[in-house]
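Before anything else, here is the set of structures, which you'll find just below.
Below are two complexes that have subunit A in common, paired first with subunit B and then with subunit C.
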Partner chain A sequence: MPIGPDAADKTWSKHTRRGEWMIWGGWFALAVVFVLSWQVMNERTIWAFVEDAPRQGADLLSRSWPPRWDYLGNLWQPLWDTLNMATLGTLLGTAMAVPLAFMAARNTSPSLLFLRPVALFIIVASRSINSLIWALLLVAIIGPGILAGIIAIALRSIGFVGKLLYESIEEIDETQVEAVRATGAGQLQLIDYAIVPQVLPAFVGMTIFRWDINIRESTILGLVGAGGIGLQLQGSLNTLAWSQVSVIFAVILLTVIVAEWVSSKVRRAII
Partner chain B sequence: MLEVDSLEKRYKTGDMALRGVSFTVAKGQVVGLIGPSGAGKSSLIRCINRLVEPTGGAIRLNGLDLTKLSGGNLRQARRRIGMIFQEYALVERLTVMENVLSGRLGYVPFWRSFFRRFPQADVDKAFQLLDRVGLQDHVDKRADALSGGQRQRVGIARALEQDPELLLVDEPTASLDPKTSRQIMRLICEVCRERDLPAIINIHDVVLAQMFVDRIIGLRAGAVVFDGPPTDLTDTVLTEIYGEEDWHAMRKTREEDAADESETKAFEAERLAELV
Partner chain C sequence: MVSAVAPAASRRWRRPPVFIKSRFWRIAIYGGFFAYLVMALWSIDLDWTRIVQGLDRGQRFIEGFLTPDFTSRWRDIRQGMVESITMTVCASVVGILISIPIGIGAARNIAPWPVHAVCRSIIAISRAFQEIIIAILFVAMFGFGPFAGFLTLSFATIGFISKLLADDIEEVDEAQAEAIRATGAGWWQIVNYAIQPQVMPRLIGLSLYRVDINFRESSVIGIVGAGGIGATLNTSMERYDYDTAGAILILIIIFVMLAEYGSSHIRKRVQ
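What follows is the complex of A and B.
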């Protein structure tokens, strides 16, 4: 009741008295949390190292500079592997995500009681595990190399594409579906004529976006042995070859910029 | 011929949408279904092609009981019942031709429809119908590029592409301006007469219904309260269907609305002219 009780001289405030106290209480709680966190951080920090940080950082930079550009020659093959890993992984993941999304969407699921929960669980499970962890597991299972990377990327992409796709299937205009059903169309024809046209732009957009993300993720999968440019990065880090690390960073940065440019171009062309 | 025999529909919420509705529609007869919102008009026509499941009674189309069908038989029955919708219900991102050809989905196998390779006879028929509804120049446009009246014409062509034995029409003019409404109603009634096709048209606009249909059925609270020719639709009957209202005042308001609309259009045209 923010309007004051005196009818002749009406007062107005955005919040009630109680609401104002709550807001001040909220700020106070935030301050307390900040102080407590600061204490925790201090306990676990060795301040001698922190004091040293600017000098160490400068030292690292000086070792990285100038980049050893002749090392570039060793990077083309791993970079190609990385791009393939991202692209094939995205395709594989998307191919598996599409049927899952149709099973998970409330309006297209063939069985709400059994298949829908199963599909939702697979989607959540895939999303809850990072590509790097998938890669760690897969390197242990099928051995190091690019195949482990492809499958890791694919498994993570299932959840991403599956979730976004099933949400956009649930948001379609049902009257269009009703109209196609009224013509006597079968289940597959219904999907082809009433549902696919409605979700296609969103689907293309999310697949290209996932490819873009996967390019970035695949550059680090090599750290755990899943092939690609990350393997080179790990090798250089282990041998403290900082001038090579800076070259690798430059290549990764350039790749990501190009991928971003390509994906925005393609998205605009298709939608 | 369509026979509806003591049709009942109870929704899961317990609402009785239809309480024993019975009537028959002869070949070539165009029936206007009027009644207040929530009277069960939409439920009734959706029960006929089983987009809504009836909970009692029978519906016979040329002798076949539609309420007993399931699976493939139901789909075969549906393909002989054309339906036209209030908001057109075209697939917005498909072309006009694809929308019209989707009327053949019940007849062609999946692979043909998937690769858009419809039999030449179906394509010929589609061209012919697009010609009939006046859209021969818009064949390859996407449905979302058309105006409201044009979209409803595509809807009509899609329904006729099915070679229907019955046409169900749900508020065909509710989203259209008065002039286009008349054109669309005229077109629907003309094609029905050309083909000797029975039709049930849900319609809010009583005046429009009286202008075009052969027979009017009035529905109130899920029951038939009037069934007769449009000329018998007196103020007393309208009051029985819709409740107390000054019917002449309402008609006057309609005329005023139309006048307002034309004024608004003139004003906007003027404003646009100034901008240019």
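What follows is the complex of A and C.
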């Protein structure tokens, strides 16, 4: 290996010169984009309000303290509705997600050319729209109430459960399918005995995980009129009853923590 | 031997239960869940006349979705999209910049315990409340518009990135830190030469994933007044302008898909 006379002058560097320029250029581009975005975003910002914010915050805090704990009595029924919205929505969404996932998975799809793209599109569309937006649409269509919330939660859950389920169907061990097929099993028996046992723990795990997320989301669906504790939140916000808002926040926080705890316990027991 | 075979011949094989092996608990848990379902379904009060009325609207909405109208409200749509995108960019950059020191501080293996405790509680607070609730508070403090949305998304980004970064740092290979320490490196040098190279690819991946989430969220928080395309969507729904609402939904789906594919593509190249 010939060593050139200039080898001694070279110092070690992590990247080539070209690579260094590219990295530098990337960071510079990011900085430019950030500064431009900042300017465009704040075109209409009223800085007087921003400067005033600490005082506003202190004011809010003083209004919401002490919380009106006797308001708690009005919250049990909405809380029950919230729980039902999350649970029934999860069940409905999961029920629709299962056939979609089987259609979307490459190894179980009945038609790769037609049904698979359709199923994938439904999954993507459901995932890209937040449940609050679904609720906004459904409240306009079927009217305010818990049903709109259930369907909103269900529509958002389809994408989540569908995506995770079809990915885990695609990742199954094909040898087990082969073994069951060798016994002369039909297509449905194949799914029942070779595929379902492999994906079932993951499926139950993701359903419960989604339920936990849905509890979180169903607490705020009422903001657009879809029932549950969010409805009380909306009412209290509109009447500027901040001492009730703080009670509602406390209840929501507690519910979310309990749901997360339950979901992690159950998932640990299953997986 | 014989006694074992004889009853087996008269018995058919039965598939063992999937989850709960104990017969008593299986019946109790499934029965309890069924009873809950009945109660939950019972408590939904349906207003059939409203739903039948709504079907007509639902049809008009689907028509609006199929014949989206991008042109007549194009200026509002563009304004909303620009706000959403700039909010996403600014909140991601600022949120990630703040979450790196907090993430380092929250890692037990490199931070002293008071710093660890403070940083972990910041993360817990940021993760406990969902974006919408934070947005309500920030809108009340900072006034309507994308600035409140920017703060909301930054705050949510901190909880997400810091937690995952801290967990990642806690799982680094200690041997490399030991090796760097043996050269006489100080704390900063250990972080820079032993920790950073190990967590950097994942940090970049998480950041891109968060950009994707921030865009999704930016389309929602507008509903409570924090700027972005959600505000435009809310307005057009309230005006029963379904053609425009359909156009906005299509734009959201396209942008979310672009963000998702873009971010997963870059993540694959980086890792």
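Going forward, the second predicted complex is superposed on the first by the 255 of 271 C-alpha atoms of A that agree within 3 Å, B and C clash if a C-alpha of one lies under 4 Å from a C-alpha of the other, contacts with A are read in each partner's own complex, and residues count from 1 in each chain.
Methods note: a contact is a pair of C-beta atoms (placed from the backbone, for glycine too) under 8 Å apart; a residue touches a chain by one contact, two chains touch by 3 or more.
Remember, predicted model here, so these are calculated numbers, not experimental data.
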Practice item. Return first, second, both or neither, reflecting whether A:Gln176 touches subunit B, subunit C, both chains, or no partner chain. Key: first
**Study point:** Which of subunit B and subunit C A:Glu20 touches, first, second, both or neither
**Key:** neither
Check your understanding: Looking at the overlay, what does A:Ala185 touch: subunit B (first), subunit C (second), both, or neither?
Key -> first
**Study point:** Which of subunit B and subunit C A:Ile257 touches, first, second, both or neither
**Key:** second
**Study point:** In the superposition, subunit B vs subunit C on subunit A residues touched
**Key:** C
Point to revise | Contacts of A:Leu200 with subunit B and subunit C, given as first, second, both or neither | key: both
Check your understanding: Do subunit B and subunit C land on any of the same subunit A residues, and which?
Key -> 197, 200
Review point. So in the complex, which bits of subunit A are touching subunit C?
Key: 30, 33-34, 37-38, 40-42, 44-46, 49-50, 53, 56-57, 60, 80-81, 83-84, 87-88, 91, 124-125, 127-130, 132-133, 136-137, 140-143, 145-147, 150, 197, 200, 204, 216-217, 219-220, 223-224, 237, 249, 252-253, 256-257, 270
Revision key, fill the gap. Subunit A residues touching subunit B in their complex are 173, 175-176, 178-186, 188-189, 192-194, 197-198, 200-201
Check your understanding: What part of subunit B is in contact with subunit A in the complex they form?
Key -> 49, 51, 75-81, 83, 85, 87, 89-94, 98, 102-107, 110, 113-114, 155, 158, 162, 168
Review point. Mind pulling up the subunit C residues that touch subunit A in the complex?
Key: 18-19, 36-37, 40-41, 43-47, 50-51, 53-55, 57-58, 61, 82-83, 85-87, 89-90, 93, 128-130, 132-133, 136-137, 140-143, 145-147, 150, 216-217, 219-220, 223-224, 230, 233-234, 237, 240, 245, 249, 252-253, 256-257, 260
